[in-house]
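Note that the chains are named A, B, C and D in the order they appear, and that numbering of residues resets to 1 at the start of each chain.
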Amino acid sequence: MTEIVGLEALAARVGPGQSLAIPVDGSGVAMAATAAILETGISDLKLICVPISGLQADLLIGAGCVASLETSAVSLGEAGGAPRFTAGVKSGAFTMRDSTCPAIYAGLLAAQKGVPFMPIAGIIGSDLLNVRPDWQVIDSPVGEARKVVVVPAISPDVALFHAPEADRAGNVRIGRHRELADLAYAAKRTLVTVERIVDRNLLESEDSAAGVLPSLYVDAIAVAERGAWPLALWDEYPADEAEIARYAAMARSEDGFRAYLSAFLTHRKQVA
Amino acid sequence: MSADRERREILIATIADLLDGIRHVAVGASSPIPAAGAMLLRARNELCGKPPVRISILGSQAHNFFTNGGIELFDCAAQGRVDAFFLGGGQIDGQGNINLVGTGDYPTSHVRWPGSFGSAYLYHLIPRVILFREEHSPRVFVPKVDFVSARAITPEVPRRGGPYALLTNMALFDFDREAGGFALRSVHPPFTPADIMENTGFAYREPEVVCETKRPDAATLALLRGRIFDELAETYPAFARTMMRAA
Amino acid sequence: MTEIVGLEALAARVGPGQSLAIPVDGSGVAMAATAAILETGISDLKLICVPISGLQADLLIGAGCVASLETSAVSLGEAGGAPRFTAGVKSGAFTMRDSTCPAIYAGLLAAQKGVPFMPIAGIIGSDLLNVRPDWQVIDSPVGEARKVVVVPAISPDVALFHAPEADRAGNVRIGRHRELADLAYAAKRTLVTVERIVDRNLLESEDSAAGVLPSLYVDAIAVAERGAWPLALWDEYPADEAEIARYAAMARSEDGFRAYLSAFLTHRKQVA
Amino acid sequence: MSADRERREILIATIADLLDGIRHVAVGASSPIPAAGAMLLRARNELCGKPPVRISILGSQAHNFFTNGGIELFDCAAQGRVDAFFLGGGQIDGQGNINLVGTGDYPTSHVRWPGSFGSAYLYHLIPRVILFREEHSPRVFVPKVDFVSARAITPEVPRRGGPYALLTNMALFDFDREAGGFALRSVHPPFTPADIMENTGFAYREPEVVCETKRPDAATLALLRGRIFDELAETYPAFARTMMRAA
């Protein structure tokens, strides 16, 4: 059953060397939990971006926590490229596993369904097939003769995201952000931060249940108000574009990044 | 500023023309010009009583018809329910291949871009992919991309998707899937065919007479500067503001 | 865009020889539309039960409309076996394609994703593999050596179901009955009957949108009040167990079935 | 009627014991006895401060923790999140194989049953599958099923799931996955080991001393006849009514 814990206790459940799956900006990124994880001095994370990331990945990379990175892109969106990602790729600071968005979903889907691989349309002709030797091109075993790409299952050790609310049983409201459910189905353990915990049962009506990730998939929940800041949380608050632009500017240099990181962690401690 | 607005208005109107006949167009995040082009087509169809156009803008709450999470756009494309999409590229080559990864040796690229996003997949599945890249220079339009994020033509597998046209700040090219390359369709004023030649690093076919890209007519401009920029403001407030201020 | 039509016009969109996918009892079975389809004298349907059926399949089989049947089971539940199904199997009245529930979902998922096949866990050792030559056992092309079953894509010509409500744009409220969305994603065309059409936009809020099948997937909608009767419709009405038991008793004989069918069609016309 | 109730109470209590230690049990539609057994375990764990038990009853709205449609139970089992499930069978053989399709030549069977449902899949994936079939007769328990809907043992593939026990109106068998067969564990009063032998069409191992199946103690009966039948009434009103009337 889902445990409701403090933010530090939740962060402590992510261990060095684990694979950690995180959602796209705006879908519910657990930035407060990321600060708490950075505080633990974690290392050697295998980061899986579902299917891309921005500030969260760049912070973890810049802080030296990431050993390998599977993603379809890292970008700060309007604020431009992700500086620590770009620098890290060039210096070979981590193993880069370039992907394409639906291939990451396909890998998670294979894990959700307990199969070793998932076929996926398209991709043929892309150099991604050369840099991803774990992807294969096979002859379709059924139907007309044709080539199909298959990708291996992705079973993250931990999935981590932020959502507006959970109930006391651990059911989490995700609205139509079903990519968060995709993450949880595939992951061995799922950690969630929420703006608040509500007293009503989110599964009570057929309508409210439709937008809920059941507690069955949720290992631990911590409350973190404005827990996605400076990123957006749907239905709750927009992104703090100025803060993200400030990050983009500072993180251009290693020193600037360190200064930002230190201020970010301090800010988070003050909020908590 | 006004020249910039005029340039953008030509791009938007050209995109609306390129989309003519489609039922559903998807627009990626941070793409105000493609979004405006799609909205222009939708408004025009509505006014002429032509079939309605559905626009999905990724990351927008108002223009989001999806309820199955991040995968739905991709599934939808695989089902043949998305007719048009836009892709860019740090490099685009004469065979229509695009590179969103970086230049130089992989993985420790000389220049590294964000990554391939959904391009490797969507290029196969969406019939009318419009390559849209404002910068028109030899460093973007290269003979051969350093990394193929998505390949334009793959005779080894059946596909319905691929490049349809390439639109830049200077010109509009058609993509010929049979010939496997681009053909110059029109040049935006004030540029000349010679400007295009000079700034394009790949070979392309050029007709004997090169047209000038059509400027939007008065009715189109009125629609654009009124209703379209209003609609756009919901998703791209800063862009819409700039365009309206320039007017 | 979705058209809102009358029930007869909706029924006319199902043609002879087409494959027709229908959901499980209680999930939203379009019984009123089934009556209207029976009235058209349709034949040679390739019926696909997702993943099982009851009264609806038995009526279509008994009326001689079905050329082939893909299903994991046909049963009247508490009311016992499905008499026309049982009789039809024994007499070879249609081609029987026995399946297992998740294999039908897997086939639909392959169509949803535009791939020719889908891998699926389990099944190995089952005689279903002998009677379904279109299923294959392959060596996993990735990861550790192991056998995996793959099933071909199922792309129904038409999906047909009943739901509580739709809005004027054609968005349909399906609550957490996401199997109805699975049907629509995979099908070439989707026909839906609803209890009522509402004026508000079902996609308006993040919460209401979570339980909605977007109009993008819905070709035509017709209003049919109590359109699932005598089966249940979630949140609206329970099954009419007495009526189903009456069917189970009458349909034991061919003559009894004919009498039931005639009364059922008359009843439906009176309601409409 | 009272004998019938007593028989059912033994079955329910036996199921609760068989489920001991699990976290999540799924119960198919129209299965009041397995559902009551699961509810008894849940109540007992709650009273003893043991870990909570989650019960998913297919087709029930109240006992439904799923929000991803009909596939979720199957996905959930594949993820290892379902510990126990119940399967029956028109035929069950001594190797633990079950037949839900029919007897005689396929497809035009002599007797045709509804079909395999999810058995071919779930038997591989759920560790503790309890075979539950009230009728104990040689026509049900056969040396070899006519059609294998789901096979108990498949050395050619890794699997976590399979038969754990077989419970009938007359007896309880363990399934030995190493030996690939059933072993009689206990006989429900008033039956004898000889009755079992006579009514079982397949060979099974029999211990030297065969126990009698434990009757539920007073505390269990009180729990059952009070809280459990109340809880059950929500999903199975007719069954709960019958059981309470008999009390």
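The working rule: a residue touches a chain if its C-beta (ideal position, glycine included) is under 8 Å from a C-beta of that chain, and two chains touch if they have at least 3 such contacts.
For reference, the UniProt names are A, B, C, D = CoA synthetase.
Everything quoted here is computed from the prediction, not taken from an experiment.
Identification of common neighbours of chain B and chain D yields A, C. When the interfaces C-D and B-C are ranked by how many C-beta pairs touch across them, C-D comes first. If you average the Cα atoms of chain C and of chain D, the two centres end up 29 Å apart. In whole angstrom, the spacing between the mean C-alpha positions of chain A and chain C is 36.
Work out the mean CA point of chain A and of chain D, and you get 40 Å between them. Counting partner chains per residue, chain B has residues 61, 66-68, 78, 125 touching two or more of them. Looking at chain A, one finds that residues 113-115, 120-121, 146, 176, 181, 206, 209-211, 234 touch two or more other chains.
Under the touch rule stated earlier, the contacting chain pairs are A-B, A-C, A-D, B-C, C-D.
Residue ranges on chain C touching chain B, taken from their complex, read 1, 111-115, 181, 185, 203, 206, 209-217. Of all residues in chain A, only 23-24, 26-27, 50-52, 71-75, 77-78, 81-82, 85-86, 89-92, 96, 98-103, 105, 120-128, 131, 146-147, 176-182, 234 touch chain B in the complex they form. Per the touch definition, chain D reaches chain A in the complex via residues 24, 51-52, 54, 61, 64-68, 75-81, 125. Contacts from chain C toward chain A in the complex involve residues 106, 110, 113-121, 134-136, 138, 140-144, 146, 148, 150-153, 173-176, 206-211, 234-235. Only residues 29-30, 59, 61, 66-71, 74, 78, 100-102, 106-109, 112-125, 147-151, 153-154, 156-159, 161 of chain D touch chain C when the two sit together in their complex.
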